[in-house]
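There are two complexes below, and they share chain A, which is joined by chain B in the first and by chain C in the second.
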Partner chain A sequence: MNSEIFIWPFNLGLYFILIYSVVRSTIWFRSLSRADKLRLQRGFFGMPFMQSIREIFMESLLHRRIFKKNPVLGYMHMSLAFGWFLLIVFGTIEADFFGERHLNPPSHAIFFRWFNPEHGASGLAAIYGHWMDFLLVFILSGLLLAVVKRFIPGMMGMKKTTRHTWTDRIALTSLWLIFPSRLLAEGFTCGVHGSGGFLTGNLGAALTSFLPAADIAPYFWWLYSLSLGTFFFLLPVTRYFHIPVELILIFMRNSGITTADRWSAYSEVQTHACSSCGICISVCQMSRAAGINDMQSAYFIKGLRNERDIAAITANCLMCGRCDEVCPVGIELGPLRLIERRQGERPATRLKFIDRYGLTRRREQIEREPTQSYSYLVPEEEEQADVLFFAGCMTHLTPSVIVAMKKIMESAGVMYRFMDEEGGVCCGRPLMLAGRDREARELINHNSDIIWKSGAKTLVTSCPICYKVFRESYYLEAQVMHHSEFINLLIEEGSLRLGYLHRRVVYHDPCDLGRGSGIYDEPRAVISYVAELQPVPEARSMSLCCGGSLGNLTLSSEKRALIAADAAGTLTRSAPDALITACPQCKKTFAQATETRVSDIAELVAVALPKPVRRTRSRSSANTVRTVADG
Partner chain B sequence: MSEQKANRFGFAVNRSRAINYDTSDRKVREYVTLREPSFRLCFACGGCTAACTAGQHAPFSLRKMNTYIRRGEIDTLREEVARCMLCGKCLLVCPRGVNTRNVVAMTAEGIRKLDRNEL
Partner chain C sequence: MKEKTKHVIVAGGGVAGMEAAGSLAEMGIRVTLVEKGEDPGGHLLQWHALFPGRRPAEEVRKYLRKRIAHENINVITRTTVEKVRHHGHEIIADLSGGTQERADALIVATGFDLFDAHRKEEYGYGIYDNVITSADLEEMFNRKRVVRTDGSVPSRIGFIHCVGSRDEKVNNNHCSKVCCVSAVKQAIEVRKLLPECEVFCFYMDMRMFGPYYEELYRESQEVHNVNYIRGKVSEASVNINNRLVIKVEDTLAGRPLKMELDLMVLMVGMEMSKPGARLAETSGLSTGINRFLESADHHYGSNRSGVAGIFYAGTCTAPMNITDTISHSRAAVEETVRYLGSK
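Let's turn to the complex of A and B:
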C-alpha cells in the first residue's frame, strides 16, 4: 500500500522544504560574523539552548504574547500552531504504535487513516481515534476564526489586517484547505469502513448515507496531499517561511546576537521570521490617526524580504518604537529600518543572493559620498565644570523650559555650566535617524570634545532625543542624565525643597525617553512629589508618539497634526489640569493639538519651588505650600 | 558664495546676479517640488533661518536656499545644503507647515543625482 501515488505531492514538498531549510540555515550560519558564530556555538551547549526550547514552546506554539494582546487572536494562532504540532506528534505515535511496523516514513503518519481504514473500532485505539478527532476540531476552530478574521479584523482587536502578495494568497488558500480536506478525506474513508472517532466517524456515516463515499474518498486524499505539497513548496517564497525561521531566530537571539548597526545574516533571518501577522499595523499611529496604511513594519519587512523598492516606506516612519514593543516574534524593527535608511538610495534592481552579504552591499555602504560636512565648526574654548547642562536644539524653542531648569538648579545650589547657552551644535541624532551616521559622527565628535574638556561628572540634558544619543553613541566619562532624572536626584538628596500643587496632571512618556531609554519611573516620581498624577491609557512602554517625531522625514504637517490631536485626545480624556511631558518637541507638538495646558516636567517643578524670601515676611510663610495660578 | 567679489582694476565688482531662466537648471527644483510638494507653500518669512542651529555657526539659511533652488543656482546650493544638521527646529517654527527637513534632504539628493547625470 505504500506505493500509493497520491502521497507524492506531500512527500516531495516535505523533502524539498527540509533540504531547503538546512541549506538556507547553513548559508546564514556561514555568513555570520566570527563573534556571532562563537556566540551561537556557545549558546548551543549552554543555558540559551534551554531558554530557546522554552521560548519556542511558549511563543511559537502557544503564542503567549499574542494571547496577552487579545485572547481570541491568541487562540486562533495557538490552535493552528499548537494543534498542528500535536496532530503531527500524536499522528506519528499513532502510526508507530498501531501501524503495521515501527519507524514509518512521515507520509504514513499523515495519511494513517488511508492506510489503516479499519483501525480504531474498539478499545484503546478507539479512544485514541477520538483524541485525534478532538485535535482536528481544535485546529478547525482556529481555522474558522482565521477565515472570519480575514473578513472582520475588528473582531480580534485588529484594526487592519495585512495585505498579501499573490504567492501568500495561494499559500494561504492551500493552508486553509489542508484541514478541511483531511476532515473530509478521513470522513469518507471512515464512512466506508464504519470506523473513526466522534467527528470523522459520524461525519463519514452521514456522508456515506447519500454519497458514493468509496469513489469520492481518493479525491479528498489527493486534495489533502496536494494542499500540503503546495504549501511546502511555496513556503520559502511566502510569509509562512516564518515557521521554520522563527526557530532559528529564537536560538540566535537567546545566544546573544543582536541586530547592531549593519546588515547581517541575523537581519536576514529577522526579515524571514516575520509572519506578517499585522499586529504592528494595528498599533501604528500613522494608521489609526492619519490613515496611512502602507508603510507599517509588516510591509517594510515584506519589501525587504522580496527586495522591492521600499525607499518611501523606509523613510515614512515616526520611529516611535510601538511596533517593536508588540511584535510577537520580537523582531528589532526600528534598528532594521535604520540600517535600511543608512543604505541611502539603492538601485531598484534586485541584488543577487550572493551579493547580499558579500562585497557589493558593503562597498555601496563605504562608497556613499557624504552629503553633509561641518568643517565650519570651530572647537570651543573650554571651561571646567562639574555639571554641564545641555538644553538641546528643541529646548531652545521652548525657552520656558530653560528658564525653569535654571531656577531649579539655582534653587538647589547646583554649580553648573550651560553648555549651549549661546546656541550649541545639534546632538547628531536627527542625522542618525535620517541614516547619515557618518555626518552625525562629526557633530558627535564636536560635542564630545567640549564635554571631555570640561571634565564634567554629570551631563544634564532637557531633550530625550539628545539624551538617547548621548547615552548610546557618545563615549563619555560623564554620567548622562535627563532633567527628570536629575530633578529626581535633587529631590532625593534633599537639595530641592518643593511645595505641593493641588493639580491633577497626566504624564506623557516621550518615545526616546520611555521606550527609547527605559526612563519611566523617575519622571513619575518627580510629578507625584509635586502634584496629583493621574493614570492615562497607553502609558509607559505603549506610550503614544506626539506626532512631531524627527524620525520621519517625509510626513506632512497635516498628518502630523492628526496624530498629535489623536494622541493628545487620548491623554487628556480624564480632563486633567495639565498634560505634562518631558520633551520639548512633544510639548510644542501637543500645545497646538489640545486645549489642555501642556508643560514640561521642569516647568511644573519650577512652579512648585518656594517663592523667593521677602524681607517683610517671615521665613516660614514664604515656604508654605501654595497653589500658584500659573507656570 | 554669491557675495564673492571680483577685483577689477582696483574696484570691487559684484558678480552678476542676473538669472537667465532659459538656461538655469530647474531640474533640482522640479525634483524637490515633486517629492516635497509643501516646498511651494514657503513664503520666505525667514523663521527657519532665525531658529537655525547651523546658521549660528555658518552662513546657512533655508530662506536663501529656497531662492537658490528656484533660480537653479546649483553650485551655491551644493555648498549651502551641506551645512544643515537636520535638527528640525525649522520644522517646528514654520508657520506654513513646510516639511523643511525633507526639502533639505531632497535638495541634497537631487544635487547628488544631478552630479551623476541621473536627473
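Let's turn to the complex of A and C:
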C-alpha cells in the first residue's frame, strides 16, 4: 500500500526515543557510585520494584499528588497520562485481537483504524470501538483543560506558570495536535467506510456528508504520524523528557538513592524529571510577597538542565523548603541548590567537554587545598557537664531567650554548662548554606571536640539552625535537643512547675525546626501547657519563612521586609496576644514586621514560672504595705 | 469691608510647631496649635542641656513658651490631627477627638519619634539592668543623679552610637544627625558629674556637622578624657558580677574587643513619628524611603508638600537639630503667608 509511508515519521520517532532512552539510562546507571549501583540492583529484585510500580501507577499515571492539591489540574494530568496509557494498552490489545495477525509492530496499533477501516461493525468489536472512542474523549477533555491553562493559568488555580523555550513550544504544539488529528483521521476514515464508535462514527458521518472524506483522510493520518514523530524527536531536549525520566527517578528513589551532597547521576536524573509545572512558583514567598518571579526552583532546574549561568538564581533562595514539600515529582530541590552553591560559578554559555573536565579538576584542587582556614581556633580546656547549653550566634542577639532559658533550667534544677556563654564558635550551618562545606567542617570539628570532652549526655540548643546541623553533620554521643523538646521533657518529667497564662497565642514553625528537622509536636505541647494555642493558616510542613533566612545572602532588606510583613500578617490574622516562635532569627525578623508581641517559646514558659521567693528587705516591704494601703 | 482674619492649623506643638505658631500670630494670623501631649514642648521637655554650649534646655523652652503666649493662638492639647482634606479653598482637619477644624492652611510639624531601643534586642534594653537610652540619661541629668539600678555609682560608662540609625536590620538607612554630638555632650556631662568614671564612645563615624561641634568633640578628648573607639557593638550580655559585657570590633586597631561596662547608653536615633505617618497615610502626603515626609523639592521647596495649602516644618521631613528646626519652621511660615496672600 503506497500511502503506508505515512507511518514512518511515527516509526522513526518511536525507535529514536526508545534507543535514546536506553542509551541515556545506561550512561546514568554507569556513572552512579558503586553503592548506588548496588542499591538499584537490589531494589530491582525486591520490594522497591513493587513500590515503584505502584508509585508509577499512582503518580505518573493517576497523578494523585497533583489531584490532592488541585483536582482540576490533577484531572488534566490524569486524562492525558492515564488516558494515553489506556489508549496504547487497549489499542495494542485491539490490534492483537482483531488484527490480521498477532504481535504487530506498534504502528499497527496506533494506526489500527487505517489498516482496518471496516472494523467494528457489530458485536464485541463495536462495543470495543465505543470504548476506544470513550478513551479518546477522556484525553481530549484533558487537552481542552491544558489549552485553557496555557492561556488563562488563573482558571486552574495556578498563580504563576513557567516560561517556555522555543523547543518546548514546538513540542507542546505537536503534543496538542496528536489527539485532535487522530480524532479527525479516524473520523474521516470511519465516515468513508460507515464504521466507528459513538464519536468517530458520528463525526465521520457528519463530515462525509459535505466533504470528500476519502481524499482528506490521508492528510490527517499524516498529521497524526508527524505530530507523534515530532514529539518523540524533540522529547530529549524539552521539558516533556520528564515523562520517561520520572520512571527512572521513581526506581532510583525507591531503591534508596538520595541526593546527598555531591553532583551525581541521580542529581542529573532529577533535573530531567522536572516537568516545569510551576507549582514551586505558586508557593514561593519571594514570588507572592516580594514580586520576584524568576529564581524559583523550576527555573533553577531548567538552568541546571541547560547548563546556563544560574549563579544569581542559585544564590537567591531562602532555602525554606516549601517547594520541596509540594513538588509533585518529589525532586530534592533544596539539596540540589546546595550542591550547586558548592560548585561556585558556572560560565554563561554551555561548556565544551574539555572545559567541563578542567573545571572539575579545579574544583577538586580547591577542595584539597582550601584558601581560608580557621587554624587560629585553639582547642578549649575540657570541662565536664551532663547537660550542655549552646545558645548559638543568633540567640546571643536575642538575650531575652538566654535569660529565659537560664531561669527555666535553674527552676527545674538542671545542672548545665553554658557552652558559649563567653562567646563560642559558629555551628557551621551558615557556611554550609553558602556552599562552604570545607570551612564549615573546621568549625564542626572544633565544637565537636568541646562537646565530646565535656562527656555531656544532652546538648540543648535554642537555635533551630544549630539544631539541624548538630543532628545531621556532627558525630556526637550526646543527644541533641532543641530547647522546645528539652522544655517539653522537663514538663513531662515533672521537674518544671508552671502556671497557666490566660493568653491566646499562635505558633510559627521555624523552617529548620519544622520542615528541616520534623519537630512540630513538642513546641505545641509546651505552648498548650501554659497558654491557649490558636491555629494558624499554613502551619506545620507548609509553614511560612519569616524572611530573615540565613540561606539567602543576596536578597535586599526591603524585599525581606515585604516577606516578613506578609508572613507576620498571615500568622496574626486572628489578632492573638502574642506570636510565639522557637527560633531567634524568626523572632528578630518578626519583631520588626508586626505590632503583635513576638516571643520565643522559652520566654513564654519563663513567664509561667512561679514567682521566685525574694528575701524581702525592710524598704521593699514598707513599699508593699504602702501599696496595699493605697489600694 | 475688612478682610476676614486668616486661620492656620499647626499640627504638632514641638519646637517647629511652637515657632511656626508664634511667627504666624505675630503677623496677625489666627492659629490653632494641636499638640498630642499634656503640654506643648515636644522632646525638648525631657532634655536637660543642649549642645554645643551645654546651655540649659530650659532657656529655649522659656523662649518657645513666650512665643506661643499670644492672643491669636489657641492651643489644643491631648489631640492629634488625623486627616486633612480640601473643601474648595478651605482646609478641613479631622481631630482625634472627633471634632473638625476649618482653616485656610495647615502646617505639618509632627516631628519625630525616638527609636524604640527594644527593637535592637541584642543590646538588651529592657532585658538587662543598666542599659539605658540617651533620653533616659537626660532624665538622670535632670535629677543630677547618674547611678546604676542598684543605686551604685558607675565606674565605666559606654555610649553606643547609631542605635536605630544607619542600620539596615531595622529598616533605617538614614543618619539621625544629632546623636553623635549628643553623645559628645552627654559624655562631657558624665565626666563632669562623675570625675572618677571612665567614658567610652563606640561610633561608626563622628559626624560633627554644626558650628562648634568639632570643637566640642576635640574638647571632650583633650579636656575631659572621653575615649572614642570606632566600631559597632554587636551584642551585650551580663556577667556574674552583673556588669555588662559588650562585644565590639575595634575597626581602627583591626581586632575584636570585649569590654565590661557598668552602664550602657544607647544613642537612639530619630524616626518618622507615628501620628505623622498616620496623617501622611490618611491624607495622601507622600513619604520617602526613610518614611519621613517627602517635600515637593529637595533644594528650594523643602517646606512645600505638593498639596496646596499644606506645608511642612521641622523634623517631620528629616532629622534636624533645634537651630535648623527653627529656621525651617520660619521658612514654612513664609511659604504659608505667601500662599494665603495669593488666594
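Quick note on the criterion: the second predicted complex is superposed on the first by the 584 of 631 C-alpha atoms of A that agree within 3 Å, B and C clash if a C-alpha of one lies under 4 Å from a C-alpha of the other, contacts with A are read in each partner's own complex, and residues count from 1 in each chain.
Here is the rule we go by: a residue touches a chain if its C-beta (ideal position, glycine included) is under 8 Å from a C-beta of that chain, and two chains touch if they have at least 3 such contacts.
Since this is a predicted model, take the numbers as computed values, not measurements.
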**Asked** Looking at the combined model built on chain A, do chain B and chain C fit side by side or clash?
**Response** clash
**Asked** Looking at the overlay, does A:I402 come into contact with chain B only (first), chain C only (second), both, or neither?
**Response** second
**Asked** So, does A:L443 touch the first partner chain B, the second partner chain C, both, or neither?
**Response** first
**Message:** Just checking: does A:S557 make contact with chain B only, chain C only, both, or neither of them? Give me first, second, both or neither.
**Reply:** both
**Request:** Going by the touch definition up top, name the partner, chain B or chain C, that contacts more of chain A.
**Result:** B
**Prompt:** Which holds for A:G423: it touches chain B only (first), chain C only (second), both, or neither?
**Reply:** both
**Prompt:** What is the contact status of A:L377 with respect to chain B (first) and chain C (second): first, second, both, or neither?
**Reply:** first
**Message:** Quick check for you: in the superposed arrangement, does A:A591 touch first (chain B), second (chain C), both or neither?
**Reply:** second
**Item:** Segment of chain B that clashes with chain C, given the candidates 2-10, 92-100 or 110-118
**Value:** 92-100
**Fill in**
chain A residues where the chain B and chain C footprints coincide 396-397, 423, 557-558, 588
**Complete:** chain A residues touching chain C in their complex are 396-400, 402-403, 421, 423, 557-558, 561, 587-588, 591-592
**Asked** What residues on chain C touch chain A, complex-wise?
**Response** 119, 121-122, 124, 127-128, 168-171, 234-237, 247, 258
**Fill in**
In the complex, the residues of chain B that touch chain A are 36, 38, 51, 53-54, 56-58, 81-89, 91-94, 97-99, 101-102, 105, 108-109, 112
**Complete:** Listed in rising order, the residues of chain A that touch chain B in the complex are 345, 369, 371-374, 376-378, 393-394, 396-397, 422-426, 430-431, 434, 436, 443, 548, 550, 553-558, 585, 588-589
